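Listed next: structures, encoded as structure tokens.
In the two complexes below, chain A is the common chain; its partner is chain B in one and chain C in the other.
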Partner chain A sequence: MKATRVDRIATFFFWILGMISVGILFIIVGEIFARGLFIALKPSFFLGKPEAMKEGGGILPMIVSSIYLAVLTLLISLPLSLGAAIYLAEYSRGGKITRFIRFCADSLSSLPSIVFGLFGLAIFVVRLGWGYCLISGAFTLALLNLPTLMRSAEESLKSVPKTYREASLSLGASRWTTVRQVVVPSSLPGIITGTVLSIGRIMGESAALIFTTGTFIRKIPLNPFQTAAPLAVNIWYTQSEALVPDYRNIVNGGAAFLLLMVLVVNLVARYIGKFYRRRKGLS
Partner chain B sequence: MLSISGPSLFIKQAMDYLRSIRKRELHIKVLLMICASVTFVGLLLIFIFVFRESLPAFTRLGLPNLFSTHWNPDVSHPEAGNYGMLPFVVGTLYTTLGGLLVGAPLGIGSAIFIDQIAPPKIGTAIGRGIELIASIPSVVIGWFGLTLLVPMIGRLTDTSGFGILAASLVLGVMVLPTIAALSLESLRALPSELKEAAYGMGATRWQTIYKVLLPAARRGVLVAVILGMGRAIGEAMAVQMVIGNSRQLTFSLTNGTSTLAARIVTDMGESSGVFRSALFAQGLILLILAMLLILTIRLVSREKKETVR
Partner chain C sequence: MKSNLEVENLIVEKDKEVGKEMAKLGNKIEIRDLSMYYDSFKVLENITMSIPCRSIVALIGPSGCGKSSLLRCINRMNDLIPNSKVEGEILLDGENIYNPSCEVIELRRRVGMVFQKPNPFPKSVYDNVSFGPQVMGIDNKKEMDEIVEASLKKAALWDEVKDKLRTSALSLSGGQQQRLCIARALAVQPEVILFDEPCSALDPVATQKIEDLLIELKENYTIVIVTHNMQQAARISDITAFLLMEVQGEPGRLIEYSDTNKIFTNPSDYRTERYITGRFG
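After this line comes the complex of A and B, so read on.
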């Protein structure tokens, strides 16, 4: 009798724990949107120019910085991570080198992003003399994102059935031809999903960027060697310096806009995954 | 055509063709290896640069200065300041522990709930929801903490509200998805016979979870908690926004203090010379802590393989 009663109480507690966990999501998203979505969706705000001292500034250059940064970062890290994943999944035979590379990737992915920020400051901003700019931030983030991109690419490469490879190789195709024309195309959905997810991470990243891209700008950056201010970094800067009188409004709006962008990117990633899975199921 | 030039030329052409393919294959393999080695080179460079930049702090300030409890940088004459990082080491450990106390029960509990208790549809929905928490940018969580949690704590405890409690709550939210996802993974990896055997012997669901499933998945859950710990130790922005950023060594939950990562964020802008080096030294400590955690995880998962054999 007693055991069933304990079981019922435990079940109740697990329901509560599960509900609290999703509740946290709803409270955070609800609170941020309730505060800022109204401001964020005003064209004068998301298409406006930031103010350094006066009120009424917008965040357009920051949004552009975030997107620009995501593109640059992926341009650097996507080929590298894909190459590394192809090497690990298709070429290496699971020896010492593979294990070592995987250990490095695991270590890299467990480093705090502030450490990447320090590294980026030391090497790109100061040592190479690029200063605070998009390209310094992009290289820093490329390294930060490399392990996750690599892992997701490797997993989707490995999910391609062995028979595909065997069929291609038995037709006389070389290994590289097999990889390029058979394995990579069939693992594309997974690779695309992983890439889109990493766009979300890049947009949300701030600690690795405060010392590498810059924190405040008024003009839209065109040249990658120009100082920039990704939205996430600028939100932190605006609330911490509180130079404009309406900084609370700006941060509320900026945070809501950032959250919206990140959530949309995540939903897109999920949709892509689903879309391809459905198509695969039909064919 | 071929018959004119003879069979030997045909063989030669074929061999040349094969050789060129083999050569191309080799080039590509080398290129891919270079891509893979970027992880190693990157890790090495991070170590070298963070270490090199923090070296002046160790040589010019000395360990007694760096490991004192007194943080009082001198912006205009960096060499004259005090750079004791002990308050922030304590703050880091304290907030990490707090974050785990909040996030680990929630994360592990939710994983068990999703895997064992929830109806499949609700379980998937909750799993997706928790995944989405991981995608919320840390500045957004920090701003949420600053505008909602800090005033709330302040009202309840009659203090400023900034401090370790606020930081722990924020960190709890941030480690929750990591711990939940990895615990869930290790629970799902358990063979279903385990559960069936327990039920077959008349165990209740709670007894099955507590006495069979959790012990069987304990290494995976431990790894999940360690990885969550890594996230909590290194989180900079969200913590910096709610911890108050004062310099004191404190053990009170509602006193302002700082962590290593938060201190770097707060002070980097105005630092130069050995002041900057002292901040890099804090980064070096974070780097070493992260590597120690990774090695611990390796150790934990290696033991697992041995017991299976």
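After this line comes the complex of A and C, so read on.
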């Protein structure tokens, strides 16, 4: 009798704790949407040109910057991290080198992003002379993104049962063929989910980009060597520096739009993962 | 790309070669003085046995005696385990597979393997069977269809899956999955097939089917099977090897190796007798 009561209280207690995290998410999302959704969804806002001094500016170049930046960053970091993950999960034999690589990756992922920003400024913007542009930002974010992407890819590769590898090798497939035709395809849902989730992080990143991409533009950037202003950076800039009288509206609308983009990306990630798993008959 | 006829000719030629080897040696595989280590731990010691062409050899013994390790030496699957080491030699058609010049990939093509738990790839039935040939470089659709059909027929699975070649292999039953794995192994035209307790995850009906299949396959392939089930060894094998690790921590040794009939009716070693009468293990 007593045990069941304790159990019930404990269950209720943990339910409350679970609900708190859900509640916090809802409060944040609700607050931001309440303030900005009606602005964000106005075509004149998300398809409009930004204004430097007047009110009524839009954020289209910023949205394009964010998407462009995400694509460029993934183009750089995905091959690198996937390659490193394949090495760690499939080839390395777990010796000192492997531990050292993991240690470096973990250290890299715990560096504050502003440090990456300053590094990007010193190397890509100044030393290499690329200036404030998308490509400087993409390289900086690729460094930031590399360890997380690598670890998530490594985890997906490792979750592929050993029996698949054995089956492939026992059929006379080389290690490389096994990786390419069995291991990577089987871990694709996980790799894709990890990649798409990292798009969300790229879109939300600001500190690493303040000194590398630029903070305000009026034209849509087409050339990757052009100055850009990803939405998250622009929100910070608008809130703290901008001269437009309606800066509050722009910040609220921008935040709501950014949240929408990240939300869509996360939903897409979940959907792709599920879709692949179902197609492979894994669930 | 080789045409069908050429491939067939190749097979015929290979059969002739195998025939010659048989006449010369009589044995497909000869294991000589084989010892195996994981790190510094000796798993197997001084194993010597000859496996005749087109026969079924069963490896029996209590858990941990090194049966599976020995089996995995024959196609060098143990290479995958870091710090494993092998001493002695294993001759396949008279050639030592542990020679540095031995191509492991080609070896594994010639010596196929079926595992304890059915392990089809998360691909379609067709893609599972075509995986091996495709890796070998066969890319003619018609030829591949023929290989897939022939392999599935040999594995006694064709009638059950011919209408669902494109569905996921994971939707098949356990017994069907295991026969699919056998078909997959057959598709690369191996000479030897190693079975590592292939029925331990299957129900009696599925087990019966696999056993019938093994006896059929014996006509064309040399088969080595590890089994926990002594009745199974008695039912299907021609020769039985009894391995035993007498003291925990010591390596497994080959206690007795002779005709299955003899092992199960009149074993020469008292330990074999005690094991098969169920007094330990």
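Everything below uses one rule, namely that the second predicted complex is superposed on the first by the 255 of 283 C-alpha atoms of A that agree within 3 Å, B and C clash if a C-alpha of one lies under 4 Å from a C-alpha of the other, contacts with A are read in each partner's own complex, and residues count from 1 in each chain.
We take it that contacts are C-beta pairs under 8 Å (C-beta built on N, C-alpha and C of every residue); 3 or more make two chains touch, one makes a residue touch a chain.
Keep in mind the model is a prediction, meaning the values are calculated, not measured.
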Combined model on chain A where chain B meets chain C, clash or fit: fit
Contacts of A:Gly129 with chain B and chain C, given as first, second, both or neither: neither
Chain A as apex of chain B and chain C, Cα-centre angle in degrees (nearest 10): 100
Touching partner for A:Pro43 - first (chain B), second (chain C), both, neither: neither
Contact breadth on chain A, by residue count: chain C or chain B: B
Chain B versus chain C as contact partner of A:Glu166, first or second or both or neither: second
Which superposed partner A:Ser186 touches (first chain B, second chain C, both, neither): second
Which of chain B and chain C A:Ser174 touches, first, second, both or neither: both
Lowest inter-chain C-alpha distance for chain C and chain B in the superposed arrangement, angstrom: 7
On chain A, the residue positions that both chain B and chain C contact, one per complex: 174
In the complex with chain B, residue positions of chain A that touch it: 3-4, 6-7, 10-11, 13-15, 17-18, 20-22, 24-26, 28-29, 31-32, 35, 79-84, 86-88, 91-92, 100-101, 103-108, 110-119, 121-123, 127, 143, 146-147, 150, 174-176, 197, 200-201, 203-207, 210-211, 232-233, 235-236, 239-240, 251-252, 255, 258-259, 262-263, 266
Touching residues on chain A, where the partner in the complex is chain C: 93-94, 161, 163-174, 177, 181-182, 185-186, 280-282
Chain A partner contacts - residues on chain C that touch it in the complex: 75, 77, 80, 82, 105-106, 108-109, 112-113, 115, 117, 119-123, 131-132, 135-136, 167-171, 181, 184-185, 188
Contact set on chain B toward chain A in their complex: 21, 24-25, 28-29, 31-40, 42-43, 45-46, 49-50, 52-53, 105-107, 109-110, 112-114, 116-118, 125-126, 129-130, 132-133, 135-144, 146-148, 173, 176, 180, 204-207, 209-210, 227, 230, 233-237, 241, 261, 264-265, 268, 279-280, 283, 286-287, 290-291, 293-294, 298
